[in-house]
Structures are given as structure tokens and as C-alpha cells.
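Structures given as C-alpha cells follow.
Both complexes below contain chain A, partnered by chain B and then by chain C.
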Partner chain A sequence: MLVMAIPAFLRGPTDPTVTGPHVITSWKLGPLTINLTETVVLEWIVVAFILGLAFFLTRNLRVRGVSKRQAVAEMAVEAITNLVRDTMGRRWLWFTPYIAAVFCFSIFGSLISLFGVRAVTSDFSVLLSWAAVTFLVITWTKIRYGGIGGYLKGFADPMPVMLPINILSEVATPAAMALRHFGNIAGGGIIMMLVYYGLANASHMIGLDIAIFDVGIPAVLSLYFDLFSDFMQAFIFIMLTMVFVSNAGPAEEEASAS
Partner chain B sequence: MDMGEAIILAGSAIGAGLAMIAGIGPGIGEGYAVGKACEAIARQPEASGAVTRTMFVGCAVAESTGIYGLIIALLLIFLKPFT
Partner chain C sequence: MGIISASVWAADLNLPFLSIDTGTILFTLINLAILVFGLKHFLFKPVNDILAQRQTAVDKSLTEAEQAKAEAEATKAEYAEKLTAAKEESAEMLRKATRRAQERSDEIVAAAKAEAAAVMQQNEAELEREKRRAASELRAEVSGLAVMVAEKVVEREINPADHARLIDEFIDSVGDVQ
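Let's turn to the complex of A and B:
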């Protein structure tokens, strides 16, 4: 009997393990250890892709005789500008590029998992750093509109007894944002991994060495856990950023009156 | 596998199941929010964009407790922090 050698990857996943991102190399820098992880390399790929896309879409811009490429670019910029204007108000329009950048980074960083690698956003440190930027902008806005004194006094509002609760809620805002995004993407990834593992096992059970059930069937679930959830979480992350940041300042009418 | 490890594994599995009880709250809350959003859109169809956006943000905030439960359950099942 002729036994054909089957490549290992056709057998499908056989070991349901969940690990953090692999460390490729690490450097010692005094007491610090700097790790170059899988996530960082994938981030470079995502950044390069977004840069290439932006460069490709914005070449040969002209006023008359708009090309299809330019129409797509204009549509995207207009959509995100309208979103920022509707959510944050006109005086926050300068904030649009950051929101657009985070949105692109988040959505492409999550969608990279469609190529079978770890999603960038299933690494908690990535989300935590984005949330930290949001936290800094919130703090900066509060100080800008209220002064240092007003910012510090805000912690004792409405009464000094609330001080620990206010500090906690200040820290909880970015932490909850990061955990929500991370939990959704990482949880979705683990569920998809379990589905692939289960279907591979099912096809081994009926005597096939090739994971035949892994073809096509998981795509239905992937539609929700990869496409819908990625888009939704990117959208929610920027929406929460915009809402928190614009709430940190005074309302629009007061700001324009003063 | 010795007895102690077996007990820890069993405890982790039961704990993961219990952690997912956290899914009840967001389920009820989000359902309520979406129902109210449907009512609002039915009453005022021209505001559907703003209502939908607000609803998604509200759902996301309501969902976070469920996500915390999910994270705890995943930690207990896959990372087995106590073994």
C-alpha cells in the first residue's frame, strides 16, 4: 500500500494551546530587557500597508476629472470628518487625523489575523498604549480648559470624600477601553482556534488524515468573529475616545461664548 | 497527575464556568438598550443614525463586564494560573 506523506499543516491544529506573542529576539539594556515580539513585527507590516494604501490613494489628486481612486479617498476622509464633527463638535476637527489613524491601525491590525497570524490587537500592551494616549489627551483637555487647579479640584468633586472613587474612575476609563478591545479580539481568536481544532479532530475521527472539515465551515463563524467584531471594536474604540475626550472639555456653547 | 493538581484543574474549570455567569448582565442590559433604540427609531426615523451610534457605544460599555468575565474564564482554562 502506498502511504503518501501528508504535510503537517494539512492535518490542521492538533494542540489547543494559547500563548502570548512569541519573542523573536531580545536586547539587554541595563536592568531593562527589550523584547522584539511577533506583535511588533506585525505592527510594522500593518504600518507599511497603511502607508502604502494612503500613498496609493492620494497620488495625482486633482480638482476636475476625479479618478475612482481619488473618489474613494475623498469618501473615507469625508466619512471620518463627519463622524468627528457630529460626535465631538466643530472645534475638535483638528483631532480627526489621530482618530482616523487609530481606526485604520485597529481595523487592519485585527484583520491581519485573516492571514493566519496573531492579530496585533490581541496583544494587551498595544491596546493599553492606545488607551494611554487617550488618557493623556483627556488629562490635557481638562487642564487646558480648567487649569491645573481646576483639574486637581475636579478630583474632590462633589465632596472630598469622593477622592478615591474619582481617582479610580479616572484610571478605569482607559483600562476598561483597552480591556474591552483586547477581550473581544483575543476571545474571538481563541474561539476560532477552538473551532479549527474541533473540526480537525472531527475529521481525524472519521478516518481522514487531512482536516477536511476545516475547509469552508469556519468561514461562517469567521464572518462574525473576524470581520464584524474587528470593525465593531475599532469603531467603538474611536467612538469612546471621542466621547471621553470631548466630555473632558466644557460643552460647545460655553466654549464658543467664552 | 497527582490529586492536588487534579483538584486545581477541576476548580479552574468550575471557576471558568462560574465566571461566565457574568454574561447574564450584559445580555439583559444590551437587549433592553437595543429594544429602546428600536422604539426611538420607530418614533423618529430621521434620527436613526445618531440613535444607532449612541446605542453601539452604550452596548460596548454595557458589554465590558461580560468581557471581564470572559477574560477570567479564558485565563482559568488556558493559562491555568494556579497550577
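Let's turn to the complex of A and C:
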């Protein structure tokens, strides 16, 4: 069994299949089926890792004689706080932890694919959840600053015939965000899978039973599809969230804030 | 049978590649909430607290430094003032001392001069007296001597009138000498 398993592993991927996340277990909750998928378990790992990192970085904080760990923690907090302040304005500073959470969740959720598992962010439901939160905050902001009447009237702007288009554009915002992120990460994952598959086949074609081409060569592409793309998508996602949410409120604000 | 049925093991089941799954959405939202509050509690709160503390400390030391600087300037001004006053005072003292010394030396010189003058005067008076006494003694002696010399020279009696006249003439001429 073991003797067979090792050559199978060394032969490289032979049957690339594109599927969604594996369902580990599921419950029937009335009419609903609640699935516990691979994605959710990986999310737990990611969340535990991020919180563990945050916990680790903020041990023994001092006002003076800052340790390297503390410097990293302070830099991270200040960087994300400045980003939120510059993009959204001072009155949205309370929103910083959410932005930081989505950013970390996205980055580490994508990077976890480096360990050979599915990226958390290659599951559309995950991105849809985050985008839904963005959508809710946008709607809440519009109602908060414009009143429920102003919010509803906004759909008939500039004229009532625009109503369907306005509704569509309202829904398109989170849908586009979710699809963009999902498409980039999941697509990158598929490309990498195909690259591994193709290089394994190439190895077999020149008569090697071991997928020797899979060593090293895909790493070059991985730099883009796994590292750069993961970072970019996380950044784009939080930037879009910040821009859409802060645009939902009145444009000016420096006057009231300062 | 409850609302939640027994867990179904679905080892071979994979969701479609592009799927919207209620369970995943639910769990993701819960995880996101946990992450948001976790980060807020474990990262943002402690770090922001420390940053605020540092800001307070920096503000405090800046204020203290400003105070210290103001104090130092005040002290410096005070010292400069004191120094000027002290210089003036010392110059004044020096002037006074010089004047007093001058006065004193003038006094001393004047006293010395007066004393010297008194001594001179006394000496002169004494000298005068001595001279007179010597002169009168000399006169007496000379007159005796003159008579004796005259007697010896003339060896003769001259008339008393000539005698007296000669003596007087001689005494006068001797007296003129002095």
C-alpha cells in the first residue's frame, strides 16, 4: 500500500478535476441543508492563525523600549488605520477592524493554498458573504445619512424609469466584488493545477515516471498567481469596500470631522 | 426527530465549482465576526492603547521640556540681571574705595607735610637760638680776645676813648660777619 502510494504521489497529478469544496458533513435544519465544507474548516485554521498572530504580536506591549514584535504590530495597526483614514475619512475610523479583518482573512485565506489545500477564497460563498456585509454597510450608510425615504428615492434617481437599472447597479456592486475576487483566486488555482498537470505529463512524455518538471518550474508562475494575485485581490477588495461605503455617505466630511 | 437531523457523512460529495452554499455563508459570517472582534480585542485595542499612552507621554515630556526651557530662560535673565547689578555695585565700590584711598593719601600727605613743616620750623627756631647764643658767646669771647690781642699788639696804653671806639668797631665788623 505504502509502496504503491509513493510512486503515485511522485508521478504528479494525473486527473485534474475542477470542483467546489468538499462537503465534510451536513445537517438538515428544517428545509435548509447546512453543509460543513472544507472551506469552513480552513477558515477556522485561518482565523485561529490570524488571531494567534495578533495575540502573539501584542504580548508585553511597552510605551518605551519597543520589541520587534511590538514594532510589527504597531506598524500593521498604523498602516491599516492610515489607509482607512485616507480613503474613508476620520469618521469611519471605527470601521478599521472590519477592513483589517477582511484584508487578513482574504490574504491568509488565499495564501493557505500554498500548503496544497483549496484556497478559502476560491469558494464563491465566502466572497459573497464578505460582499454581502459590504452591501449591508453601504445600505445602512445610505439610510443613516439620507433617511429611509431618501434611500428609496435614490432608486428613482434621476427619473423613475431608471428604477430597474438602479436596483441592478446596487446589487452589481457586491456581486462584482465577490466575482472578481473569486475569479482571480479560483482561476489562478486552476491555472496552477493545469501547469502542474501539464508539466507532469511532459515529464511522462520524455519517459520519466517521476514528475520532475513539477519541481521548481511552477514556483515562478506561483509568484504571480499565488503571492501577487492574493495580495492584490485582498487589497482591491478592501479598497472597493472602503470606497463604496464612504461614497454611500455625504461626500464632504473633513469640515465636520476636523 | 428534532429539527436538526443526524449528521450525514458525505465523503464523496463536492459542491459545484461556482456554488452558493447557505452553510458556508453562515459559517463564514460567523468566522468573520469572530475575526473582527478578535482583531479588535487582541490587536487594535492593546496597540492603540499603547500608542495613545505614548502620545500622552510624548505630549507630557514636550510640555515639561517647554516648561523647563521657560524656567531656564527666566533663570538666565535673572542671573544676567544680577550680574549686571553686581558689576555696577563692584564698580561703585571700587570708585568709592579709590576715592577714599585718594582722600586718605591726601590726608596723610598733608599731615606729613604739616608735620615736616612744623619740625622744620622748630629746627629753624632752635638753630636760630643756637646761632644767637653762639654769636653772643662768640662776641663775649671775641671782645675779651680782642682786648687781649690789642693789648698784646699795642703793648701800650691808649686812651680809653680810642680803646672803646676800637672795640666797638671791631665788634661791629665781627657782628657783620655773622
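Odds and ends about this structure:
The rule we apply is simple: the second predicted complex is superposed on the first by the 247 of 258 C-alpha atoms of A that agree within 3 Å, B and C clash if a C-alpha of one lies under 4 Å from a C-alpha of the other, contacts with A are read in each partner's own complex, and residues count from 1 in each chain.
Convention: a contact is a pair of C-beta atoms (placed from the backbone, for glycine too) under 8 Å apart; a residue touches a chain by one contact, two chains touch by 3 or more.
None of these values were measured; they are calculated from a predicted model.
When both complexes are superposed on chain A, chain B and chain C end up sitting side by side without clashing. By the touch criterion stated above, A:170 is placed in contact with neither chain B nor chain C.
In the overlay built on the shared chain, the residue A:77 is in contact with chain C alone; chain B does not reach it.
In the superposition on chain A, contact of A:97 is made with chain C only, not with chain B. Judged by the touch definition given at the top, the superposed model places A:243 against chain B, while chain C stays out of reach. In the superposed model, A:28 lies in contact with chain C only, and not with chain B. When both complexes are overlaid on chain A, the residue A:18 reaches chain B and chain C alike. Of the two partner chains placed around the shared chain by superposition, chain B and chain C are both touched by A:186. In the superposition on chain A, A:63 contacts chain C only, with no contact to chain B. Between chain B and chain C, C contacts the larger number of chain A residues. Superposing the two structures on chain A brings chain B to within 8 Å of chain C, judged by their nearest Cα atoms. Taken together, the two structures place residues 18, 182, 186 of chain A in contact with chain B in one case and with chain C in the other. Listing the residues of chain C that touch chain A in their complex gives 3-5, 7-10, 13-29, 31-32, 34-40, 42-44, 46-51, 53-54, 57.
Interface residues of chain B facing chain A in the complex, by the touch rule stated above, are 50, 53, 56-57, 60-61, 63-64, 67-68, 70-71, 74, 78-79. For chain A in complex with chain C, the residues that touch the partner chain are 18-30, 32-37, 39-40, 43-44, 47, 50-51, 54-55, 57-58, 61-64, 70, 73-74, 76-78, 96-98, 100-102, 104-105, 123-126, 128-130, 132-133, 182, 186. Chain contact summary for the complex, chain A toward chain B: residues 17-18, 86-87, 176, 179-180, 182-184, 186-187, 190, 232, 235-236, 239-240, 243.
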